[in-house]
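The same chain A turns up in both complexes below, where it pairs with chain B and then with chain C.
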Partner chain A sequence: MSLQVTDLRVHYRTLAGDVKALDGATFSIADKEIMGLAGESGCGKSTLGNSLIRLDGRMKYVSGSVNLDGNDLPIWDSDEMVHYRFMEVSMVPQYAMSAMNPTRKIGKMISELVESRGVSYKEIKPELQRRIDLVGLQRDVMDRYPIELSGGMKQRMVMVISTLMDPSLLITDEITSALDVSTQRAVAETLVGFRDHGFVKSMMVITHDMSILYQIADSILVMYAGKLAEKATTDVIIGKPLHPYTRMLVSSLPEVGVRYTDKKLTGIPGGPPSLLHPPTGCRFRARCPLAFSKCEEEPPFVEVEPGHWAACWKATGSDA
Partner chain B sequence: MLSLNKVSKVYKTGTFGGKELLAVRDVSFDVNGGEVVSLIGESGSGKTTVGRMILKLIGISRGTITLDGEDIAQIQGSDVKSYYQRVQGVFQDPFSSYNPIFKADRVFAMIRGAYFPHVPASEWSDKLDAALRSVTLDPGQVLNKYPHQLSGGQLQRLLVARALLLDLKILVADEIISMLDASTRIDVLNLLADLKTRGMGVLFITHDLSLGNYISEKTVILRRGVVVEMGNTDKVFGHPTHPYTRLLVSSVPQLHKKWAEIEAELSAPIAGKGGCPFHDAYPLAGRLPERPADEPTLVQIEDDHFVGCFELESEKAQQVA
Partner chain C sequence: MRRYFGRKLLTYGITFFVAATIDWLIPRFMPGDPVASLVSRTNGISPESAKALYDYYNNLFGLNQPLPVQYLNFWVALLHGNLGLSVYGHGTSVTEMIMAAVPYTLALLIPAILLSWWAGNSFGALAARRKWLDSTVLPMGYILTATPYMWLALVLSFLLAFSWRMFPLSGGYGFNLEPTLTWLFFTDLVAHWVLPFLSLFLVMFGGWAIGMRNMIIYELESDYSRYLEVLGAPQSLVRKYAFRNAMLPQITGLALQLGVIIGGQLVTEIVFSYPGLGHLVFAAIQSADYFLLQGIFLFIIVGVLVANFLVDIVYVIVDPRVRVSMTGGTA
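Presenting the complex of A and B:
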């Protein structure tokens, strides 16, 4: 078991009160697993990703534990996390364009970065160059400024830097959404390559694009309104989802071959609820076509069949 | 009917505009009433430039765009207003399309002030209600609100409703759903497709092949400002012929087919002819810089399916690089 998250709650402090962006998440990621994290905007995906690496000033740790390879991560203590960040848990942020220092050449920036962690740049340089070759960049990018690289090149460069210390867990946040389709594919396949080469042990890929996840992820976790809705292997989530939210999310995706004239797809009516005062019971109730009286109670996130968790009364078969 | 005939756009770049950048080259296609045409290309392919030329936001360097036979470059002065009554655009970012200081429904008041100053208030509100309902918005929920109080999907639909108030012939929809959430984007997409039943022509500009494939009758694939393949959507996606189209189709993430499977399907050689169909048809086709202006840029390979030159494409790539 590589990553084990237990009942993690992280709220945002605002003047109006606490926004319960992540309200009880329990899941695990196995070694060599690429887990996709999907859901609409504002349902807590990025909060979950960020909370495993750095809580910023507005975020408040409430409860729960995060265990990585047998060690509890002190995610509430930003100073203690310094020992894990980049070395054990690393992240590829959404905007690679602004992730690199624009005033340093890339090689210089990396040398400053690794030296700050007590690693010799000289020793790591051959490995760095090998990985730059691997992602299909020229070695001379080290002598260039970030502004000289295209979006896809920057994205791949940031991926190389983030995984340079062979972290146990890599979190990527919407890294493909700003790219063109052909670059998107190259970046997504690079992620799989990193896992296969053992640069990272396990991966959490945050994206709203389910079709990218179908291509690269082993399992998919679907979040809704700060809670976990469903987790299963990729084929099960795409092929036989149990939670009505997952079903609607998957069936609202147009793909090559589906035509408006043949098959009219439908979206999910309404929008996610405000998490300042989240609704009681099942949070998807207001938009759910299957909602019934039992949904006023909160459904637990339970294992419906081996490796398949869902939080829905209908899915757990207790609607009888 | 909107018709583009060998339209090119040259941007002046560099210090004092000393350099020239050919953003769009010899693009020709038609948008008929009651038809959705998707214009697909990656970033920098010139797809937005084409949309902006149609909307008269930028000038046309060469070639002509005509609306019902009228050259739009000749429309000047007070006639521009009536042009915008027939052609409107909706853009990518719904939040920057509105002035955050004013309420969102001000866009309707502006339309009324400009085009319908003599319509009585009661008739106007009926008209507005009908337009809002046809974009599946509840007037009570969206009127009298500020832009930040509405969702991206609602704002985009308001802009489409605004376009519906006019007697519109052509709507240019530039990436209008790329900023929307997966759950709402399909509703806006269906809405666009419904517009064609009103006899409106829609130019749907996107980088996402699956979206273009879903709603359009006709597809135009643009690469580095040049049309590489166009025609009936089923044919373009069913038998992608140009190497670039094949690359796009094989890269788009699908939901029930892995990348490797798609690639295997597409690796079959181009049926019938060897090499480039364009060169088979025009063996002496000129090279890019001195290509004569009257030479065709596309060759018909089957009914309603055209493809550009493979080699010209790679040459163009070298020239830019």
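Presenting the complex of A and C:
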């Protein structure tokens, strides 16, 4: 058991009240597992990812626990959490293109960063160079400024930096969204490579792009409106999803060999609910074609089959 | 890199030409005849001799020639390093008069600019992370930077010199002293220097502090700061980066502010009758002294251009992004 998250709730403080962006998440990621975290914009994916490493000023920890390799992470205490960041939990952020200080040479920045964490740059440099080779960059990027690199190069560089301390958990946040498809594929393969080389033990890949997850993820966790909807192995999520939201999400992917001039690609009608005042019961109720009276109660996130969790009354069979 | 500076130099050359031309034109647009005022100061001479004197001076200063010729003469003399003779100074060379005033002006200007820039930036950076400073002292900065230089100068001279008599009211040194290399003269010089210095320093200090405070807050929220924090870097490193990057716009700001600062310097000197260039400008305007006025302005033009050029060079050194874009790809 690598990561175990139990009933985690993180809200955003706004003048209008608390936005319940993450409202009770319970799941685990095993060693060597690459878990995809999917869902539409604003469903709480990034909130979940960020809360495992750093809560920013607007985020408020409400309840729940996070256990990584047997240690409870003090995610509510930023000063205590510092010890785990970079070393145990690391992140490739959404803004990887602008994540490096524009006025420092990349090598200098890395050296100042690792030294500030009490690691000798001299000792780590050979490994750093080896990994730069591995992701297909020239070693002289260390003597360059970030603006001298292309977007894809910066992305790979940030991936190398984030995983330099061999963290147990790596969170990647929408790192393929700004890239063209062939670069997306390269980035995805690099992530798998990092796992296979043992640079990271397990990984949480946040994206709204199901096709990327289909390529690299071992399992997929689908979120909807701050709640977990379904988690299962990738094949099950793509092939036999139980939650109506997952089904609609998967069916909205284009299929190879189907001509969409004849058959229209379907989307999911409607939009997600406001998380400031979320509706009671199942939050997908308003958009769900299968909704019935029971959905006014909140469905629990339960293991339907071994390794397959879902939060839907229809899936748990209690509609019988 | 060479092309970059070549282009810069060309721009500065054109700017100098245009500015010098305007500088030559402005005094000649002023009402009043400098030679007439000079002749009228010579008391008790007959109209005939006054006429002869008028013609003599007109010839001496070259003012009897058509304007285009005067303009050409101006450039020829300028290229020989000759700024002409001062009407106000009864024929003393303009260069000599400027050189006598420049030490006073520079002794005010350079410490005021550098110290206010340093202190304002340090204070602004501090205020960005101390809430109590941000909410108490920083509003003072807004008031200071909105204050006109000469108004603050008047307030300071009224309070500290006139009412409380802590500092002398005006002048560069006491009227009872001659410039000598003595301790007495030196302390007197410093006492006269404090108030004009303070009125320049305080106004600029407010501006730099506000600018820096806002820049630091912006940099601390930028992506590279967040990434460092995500990777658990200590606040000292994050702030070091933020400070360094926030300094860059402040350097540009310094270049942009130079002209304004010198304008403020001129009026401040007039308020305190400080024997620098500002005081000299005032005297030159009063006696319609074309040559002195255009000489001083020319000196200021060159000063501002040189200072701007220095800032350009500094910027290339401190900001790799400029360096890279100027040299087309590789730093």
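The definition used in the following text is that the second predicted complex is superposed on the first by the 317 of 320 C-alpha atoms of A that agree within 3 Å, B and C clash if a C-alpha of one lies under 4 Å from a C-alpha of the other, contacts with A are read in each partner's own complex, and residues count from 1 in each chain.
Going forward, contacts are C-beta pairs under 8 Å (C-beta built on N, C-alpha and C of every residue); 3 or more make two chains touch, one makes a residue touch a chain.
Quick caveat, the model's predicted, so the values are computed rather than measured.
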Which superposed partner A:73 touches (first chain B, second chain C, both, neither): neither
Touching partner for A:253 - first (chain B), second (chain C), both, neither: first
First (chain B), second (chain C), both or neither touched by A:101: second
Touched partner set for A:90, first chain B, second chain C, both or neither: second
First, second, both or neither for A:40, with chain B first and chain C second: first
Touched partner set for A:128, first chain B, second chain C, both or neither: neither
Which superposed partner A:210 touches (first chain B, second chain C, both, neither): first
Partner chain(s) touched by A:185 [first = chain B, second = chain C, both, neither]: first
Residue ranges of chain C in contact with chain A within the complex: 222-224, 226-234, 236-237, 241, 244-245, 248, 318-321, 324, 329-331
In the complex, chain B residues that touch chain A: 42-43, 151, 181-187, 189-190, 193, 207-211, 213-215, 233-234, 237, 247-249, 251-256, 258-259
Complex interface listing, chain A residues touching chain B: 40-41, 151, 180-182, 184-185, 188-189, 208-212, 214-215, 238, 248-250, 252-260, 264-268, 271
Touching residues on chain A, where the partner in the complex is chain C: 53-54, 56, 81-87, 90-91, 93, 95, 98-105, 112-113, 116-117, 144-145, 147-148, 158, 161-162
